[in-house]
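Note that chain A is present in both complexes that follow, paired respectively with chain B and with chain C.
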Partner chain A sequence: MADPSGSETLPIRTSTDVVQVRQAVRRAVTQLGFSLVDQTKMVTAASELARNTLEYGGGGTVRLETLQEGARRGLRLTFEDQGPGIPDVERALTDGYTTGSGMGLGLGGARRLVNEFAVTSEVGVGTRVVIARWK
Partner chain B sequence: MERIPILKMGEFLLVTIQVDMHDRLALQLQDDLTNRISQTGAKGVLIDISALDIVDSFIGRMLANISLMSRVLDAATVVVGMQPAVAITLVELGLTLPGIRTALNVEKGMELLRAYAAGVASGGGDGGANVGADGEGADGGPVR
Partner chain C sequence: MAQNGAGRFADVLAKHEAQILEDWVADQRRAGGGRSLGRLSEAQMREEAAEFLRLLRQAVQQQAAAGAGGETDTDGPGWDAVREFLAGLSRSRARQGFSPTETAAFVFSLKQALFAHLAREAGGDADVLFAEVWQATTLLDQLGLYTTTVFQKSREEVIARQQEELMELSTPVVKLWDGILAVPLIGTLDSARTQVVMESLLQAIVDTGSAIAIIDITGVPTVDTLVSQHLLKTVAAARLMGAECIISGIRPQIAQTIVHLGVDLSQVSTKASLADAFLLALQKTGRGITRGAGAGVTSGAGPAA
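The block that comes next holds the complex of A and B.
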């Protein structure tokens, strides 16, 4: 679903969709000319957030957008679900906090791997996580 | 069903992860390896992740679980070939991979497993750093 502004929306319904998201993000950051380490950071953050969307959000979507600000280029990812929401976002961001069987690292770890990070969540409505990384 | 192959090499099991694994495939590998260790009485497991271009918290947990379960079954696990960019990202993610022994490549990993099987190296700590450093046998230097 590519449009002229370089944006694309992918479903996150199964664990193979999570693989597709990783691969789409890899393609995007490669095209933007990110260094290998920066590529790896963005793909890893995307993997964590896509899995959260699937596991806790009950599935959703991710939107990939190429950013341009003057000479600066980057990638923004928006993960959205209509799941149960996160009652206490600050707490969810704490390393080691999990309501599942994970290590509680995904959300806080993803925040450390990117330049911009925002969570908006409403209980009973859903969750949106937006991240961006610049070249 | 799709599966990651497990090769038997003498008393060791060898796994080379060559695909971007989805989570169910990773869990399957964890189960398969546990079964193979107990069936074969393998003394060691070598997991080559040099083809993996990311390790996230899920894969990290899988590697930690395999290490733990192999230990319970009296086998050592060594993870080899982590790409530098992956290692850098893991640290920032906050994943410390406790209890996982690592080595630079397959050769060094095999040396480490042989040392464990022979009861030379101790079970704990960062065994990877010892390979070649306290080399047992004058002609037993690292193979490149």
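The block that comes next holds the complex of A and C.
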């Protein structure tokens, strides 16, 4: 269950914003006491999704939420944009698939770096990617 | 509006140019007596004011002669000289640390002296005065805003230049040993930065004829697919120049993350630390480090330590 006090929304409009997102996520996971490896995984996943939001979604937002389930603590990130959407999510998740000039590894890589991963996307409406990682 | 607004305005300017200049300089001295004047000499201020007034008069006269009255468009060709002068003034003010307001005030402060003279010349005819003041104020507002636009742009240019300089400063290519270069990267590796790194590295490879380049990413906090792609491109470009790259500073957490991302670095030599990479580079160039009394790098190729 989310702890409502630990929620924060950041814009993703420029590449500087992407840097800010990485820094905010690093702060959050450090505060939660994540190990260095887990911190790095979450920050890297956030970096991938923030760049996709900017590059393909035409900009959007990310919400950071601190999670607490019993003794477990975690961080959930929700990336949202009102861009063109992803016509075939399974395909987008395939390693090496890109419609841009990237390596096509970001989305699939982010999924492998976290504990929970969900993409909702509708063509012409936008894309939402929710990820969570527990300590 | 008055039909001959431009003509009258031009006449007043021409007839009273010297006195308007005196009044204006006095106004500026009074207004800016403290802060802003400190950075400008009285002589410089007077010179700038005289020059602006002269150019302004010429533009207004030209316009009046062309028979254009009423609305003035300072973007037009007749105003090139005025705009050019103001652009130069704004840039130098921006460099000297003036604020945009202080810069625009140079133009706006002319109003008081100018309106006083227009009023005197109008001889109590309120309609005429209104038309003239309206024309003068529209004109000076446009020119004042123009200084702000130029000011803003030149500030942006200064910042962009500083960023560029910083970027080059923060990506030094150092010669570690004969034939071995190192590039310690610090901070975010975005596309622009990669371009600079790649260019300076390739140039250094040519200049020094180095066979090995160590790219140290100890100072790069996050290695995602974009950073990986940039690194791989740099390695590939160096390879085309005949140099082999070693990427150092791959911490354990970074190594794990890269594997999860699915990035394939198997074609690149990687090392945990710069020291390890240096050792590997020495080996690859047929040298090694010996311990003991005569400690140093073996083989005669390198410079004496």
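Everything that follows uses one rule, which is that the second predicted complex is superposed on the first by the 131 of 135 C-alpha atoms of A that agree within 3 Å, B and C clash if a C-alpha of one lies under 4 Å from a C-alpha of the other, contacts with A are read in each partner's own complex, and residues count from 1 in each chain.
Here is the rule we use: a contact is a pair of C-beta atoms (placed from the backbone, for glycine too) under 8 Å apart; a residue touches a chain by one contact, two chains touch by 3 or more.
Note that the structure is a prediction, hence the values are computed from the model and not measured.
In the three-chain model built by superposing on chain A, chain B clashes with chain C.
Of the two partner chains placed by superposition, A:82 touches none, neither chain B nor chain C. When the two structures are aligned on the shared chain, A:105 is found in touch with chain B and with chain C. Of the two partner chains, both chain B and chain C are touched by A:15. In the superposition on chain A, contact of A:66 is made with neither chain B nor chain C.
Within the superposed three-chain model, A:40 lies in touch with chain B and with chain C [touch as defined at top].
Residue overlap on chain A between its contacts with chain B in one complex and with chain C in the other: 15, 19, 22, 26, 36-37, 39-41, 43-44, 47-48, 51, 95, 102-103, 105-106, 108-109, 112-113. Against chain A, the residues of chain C that register as touching in their complex are 188, 190, 221-226, 228-229, 252-254, 256-257, 260-263. If you check the complex, the residues on chain A that touch chain B are 14-16, 18-19, 22-23, 26, 36-37, 39-41, 43-44, 47-48, 51, 95, 102-103, 105-106, 108-110, 112-113. On the side of chain B, the complex with chain A involves touching residues 20-24, 53-58, 60-61, 83, 85-86, 88-89, 92-95.
For chain A in complex with chain C, the touching residues are 15, 19, 22, 26, 36-37, 39-41, 43-44, 47-48, 51, 95, 102-103, 105-106, 108-109, 112-113.
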